[in-house]
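There are two complexes below, and they share chain A, which is joined by chain B in the first and by chain C in the second.
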Partner chain A sequence: MITGLLFAGQYYVPHPASEQLLTSVTKWLQIIGGFALVLGVTSLFHQHAVKIRRKEAGWGYSLVLYAGMLGTIAVGFWANGKESVDGAMTAFGWVYSFMMVPLQGTMFAILAFFIASAAYRSFRARSREAAVLLIAAIIVMMGRVPLGEYLIPLSGDVSQWILNVLNASVRRAILIGVSLGAIALSFKIIFGVERSYLGGGKE
Partner chain B sequence: MTFAERMLKIDRRIIFLVIGLCTLLPLLYPVGLPIKISPEVRSVYDYMEALPERSVFLLSIDFDPASKPELHPQAIALLRHAFRKNLRVVSMTLWVSGTGMADQLLTQVAKEMGKENGKDYVFLGWSPGGTAVIINMGQDLYTAFPSDYGGRPTKGIPVLEGVHSLKDVNYAISLGAGNPGVEAWYVFGKDKYRFELGGGCTGVIAPGLYPLLRSGQINGLIGGLRGAAEYESLIGQKARAVAGMDAQSATHVAIIVLVIICNVFYFNLRRVPRQQGHGTS
Partner chain C sequence: MAPADLQVVDTPNDGGESLTVIWAPSSSDGPDARYQVLIGDAGATEPDALKVIAEFPANTRFVKEAKSAWWTRKAEKNWHQFVIRSGKGIELKDGTPYTVTVAMLKGEERVVGPLHQATPAPDWVNWNQFNNLILALSFGGLVFYTISHAKRNEIFLRRIPGLDAVDEAIGRSTELGKPILYLTGAHDMSDPSTIAAAVILGRVAKRAAAYETELMVPHRDPITMAVCQEITKQAYLEAGKPDLFKEDSNFFITADQFSYTAAVDGIMLRKKPAANFFMGAYFAESLLLTETGASTGAIQIAGTDSDHQLPFFVTTCDYTLIGEELYAASAYLSKEPIQLGTLRGQDIGKAVILSVIAIGTVMATIGVATGAQWPQLFLDFFRDLK
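Up next is the complex of A and B:
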């Protein structure tokens, strides 16, 4: 509680001592962040080890994850964390450039195909609200590409208006609501009312 | 099964094929339709253009290879502009999986523009802590990054001369594909340390950043491949993003046509039982 209140107040105190305190604490946050990474990796290993041991559904994927992670960690240590040395690509750089980059790119690219298929199957004007959404989506999609602006010259300006006025005002309302909720939750955590983040079930 | 029913249950591989062709053909045979510049992209360009030589420009490459097709061209166009303007470029990433890609792209553009590492630019790499890194940089840059990506101590690097914290940055742009990204840079950086901030993001998260743009919390926004294409047009170096706009145009129009067709068949199907109902009564 003391730390929570102290750092909520620190933001409004520009005294050098207060700034020094913030510098030290953020340095600690970075150190803790580093250890959290180790904790996360260990937890992931543990979770998948259990899956492999019990031969749960999809345990083969866990084995692939183990092989991928251990292999990458090994070549990472071997290359001292460097992707290239004097312009020459290391094994770690090879794993990054020729495995991680294309795999992530492929996953993202596949989305375009599934979005098109999903749009065809489910984007229907079943109600008035759905019809409004459908029309707005078509205008924005047209207005965001040169061909759309070429076919319907007004679509660019209308799409800009939808994004700048309708979208921004609704988003802002959501943002204000979420922020107020976050402030309320922060106070509950600071004063010890909310403890679920510490783990454990209901007593 | 009626024709409309059959069309509504069309094999999804046909849709995949249509999208595939709409992406591939314009890339092979580009049309080159004119690209209209939006005010939010122009704001970023104008601000960069107005910066005096040797101003400090911070580019935070907050994305990983998954968002490369949209954000990589943005980063390249911004770096080309910054190097052409002789700005001091300080680059970093808040996404550990984007470190190698960020280093490659910075090195590639710097080489192309004849810039020297340490003198004209520096890549700080990644540091653990997520958003805490931004606060730490705001307090003391050298605590957040004691060494650059190559392992060289940051203190004493010529490009960082006179730069102690984020307060000494003239313009910062975060190219974000999620969290931490543009929003984090505003909340933990600009709001406290008072530097000008611009943003770049994937097309899908751009609408979520419009409230920040409208309130002046960010001075400009480059959204998706379209934003990158606009920036390439502004700096007069049309590259991958402009080439990709034809493919994006074709796929957008294809999806719109598919959605319209699906709705036509849907309404046709809804109409038939009603007519049958009237006929029997």
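Up next is the complex of A and C:
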């Protein structure tokens, strides 16, 4: 509670000593986070080791994970953690640039297809709400592309109105609720009213 | 023509290394006239020994442009104000006195004001944020009052379909003999939404333990994983099934956004959980996760305060807890007076904010229409000032 109140109060104190205190605690959090990573990696290794040992369904993926992780650690040590030396790409840099980045890009690119499939399901106007969603989406889409605005000249203005008035007001209403919820939860945690997130008792 | 009523003070409510210069408006103010701010060491007695650090048109830099409220304002709103901060060309040190003045230039004429000395110093309290403190304390007081009220009286809680469906989802998993997948979001334990997700996990884990259904909780943050392991263990103990608790029901995947998403999508496709819970904060991965879950036919319940991801959750999940409903979930599932009282406090808080928006709109309109200053006394109290 004392720490919670101290750092809630820190927000109102502009003195460099207060900033220094916040910086120190943030660094401590980073250090603790670093140690916690050991917990995480141990959990990961343990889970996949069990899968491989028991030859559970999909244990081959666990082997790939082991190979990928140990291989990356090995090249990381070999390259001294550097992605390039004197302008030349190291093996570690190669793994990052030609494996990590394309894989991440691939995952992100799938989003476009998922949006299309999710939109298809939502836009089947089976209810009044879905019909409203469909109409609003069509107007906004038309207002966002030059061809749409050419075909329906009003769509640009109506689309802006939907985004600036309807959308923005609802978002702000949600944000007010979220902020009050977060403040109330913070108060409960600081004063020990809510302890269940620590795996403790009911109150 | 010389800057009148010149004052040089340590900038109030700041972290130091800054001075504020204030002077009265002049009849010569206009776009054709300019002001210069000069600064030098404390020993300087002549304007020539001072360095020009800023020059601007005489019809700019007013007190009203500064983000301050009536309770911290040092001069009338139409007075000029310039804040000197350490930066390009000047370095101010706390505790060191400086000589400062302002000069006015009009055509070929240059008139220098009186020389003043001031010393920058850091402050211990930012009184600009006094309104924020009062409002936060008032809301805190209100929450604790409503908690004590809820202990003595029954409080009505409206139905939240997404939370009513939690039992349905766990029951379905039990019937089908398939696991439950629970995600706690992208943020770490310092985020209230993750804490709310962890609290709900406790309730879900307790029911899953009672129904003897497998629970899988993949994590992006090791600290959240450790916390959730304890929560799950406690839930199994409370359900009287400690023997069913598995240490590795909570497991770490990776902190990387899309690697995590790929791994969870893989779990969904291979293990085919019958119920997926997406609680906490999410980013671009939300649709990748929920659309994959929808394709496996799982019942999906989401709860997030990430307003930008809400449309994706609403589109792909069976039930979505919108914004504050995520924080209300703990109260709804437990029905404990303390939790219910908090919800009542939040509702009163929302009513107050709505009233302030309505009254503020009217007052701001009156202020603009009549030129009256008194509405500002009210409006300033609800402004966000740094």
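Convention: the second predicted complex is superposed on the first by the 183 of 203 C-alpha atoms of A that agree within 3 Å, B and C clash if a C-alpha of one lies under 4 Å from a C-alpha of the other, contacts with A are read in each partner's own complex, and residues count from 1 in each chain.
One rule holds in what follows: a residue touches a chain if its C-beta (ideal position, glycine included) is under 8 Å from a C-beta of that chain, and two chains touch if they have at least 3 such contacts.
All values reported here derive from a predicted model rather than from experimental measurement.
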item	value
Which of chain B and chain C A:Gly192 touches, first, second, both or neither	neither
Partner chain in contact with A:Leu134 - chain B first, chain C second, else both or neither	first
Which of chain B and chain C A:Ala168 touches, first, second, both or neither	first
Touched partner set for A:Met142, first chain B, second chain C, both or neither	first
Partner chain(s) touched by A:Lys27 [first = chain B, second = chain C, both, neither]	first
First, second, both or neither for A:Val41, with chain B first and chain C second	second
Partner chain(s) touched by A:Phe108 [first = chain B, second = chain C, both, neither]	both
Touching partner for A:Gly156 - first (chain B), second (chain C), both, neither	first
Overlap of chain C and chain B interfaces on chain A (superposed complexes)	11, 19, 29, 32-33, 36-37, 104, 107-108, 115, 117, 119, 121, 171, 175
Chain A-facing residues of chain C, complex	13-16, 122-126, 129, 132-133, 136, 139-140, 143-144, 147, 188-190, 192-193, 195-196, 198-199, 202, 219, 221-223, 225-227, 230-234, 248, 250-259, 261-262, 266, 270, 284, 287-288, 290-291, 294, 305, 307, 310, 312, 315-316, 322-324, 326-328, 330, 334, 336, 338-339, 342, 345-346, 349-350, 353
Residues of chain B defined as touching chain A within the complex	8, 10, 12, 15-16, 18-20, 23, 33-36, 38, 64-69, 97, 100-101, 103-104, 127-130, 132-133, 135-136, 139-140, 143-144, 192, 203, 206-208, 210-211, 213-215, 224, 226, 245-246, 248-256, 258-263, 266-267
Partner chain C, residues of chain A touching it in the complex	8, 11-17, 19, 29, 32-33, 36-41, 43-44, 46-47, 50, 57-58, 61, 103-104, 107-108, 110-111, 114-115, 117-119, 121-122, 171, 174-178, 180-189, 191, 193-194, 196-200, 202-203
Residue numbers on chain A that touch chain B, as the complex places them	11, 19, 22-23, 26-27, 29-30, 32-34, 36-37, 83, 93, 96-97, 100-102, 104-105, 107-109, 112-113, 115-117, 119-121, 123-125, 134, 138, 141-142, 144-151, 156, 160, 163-164, 167-168, 171-172, 175
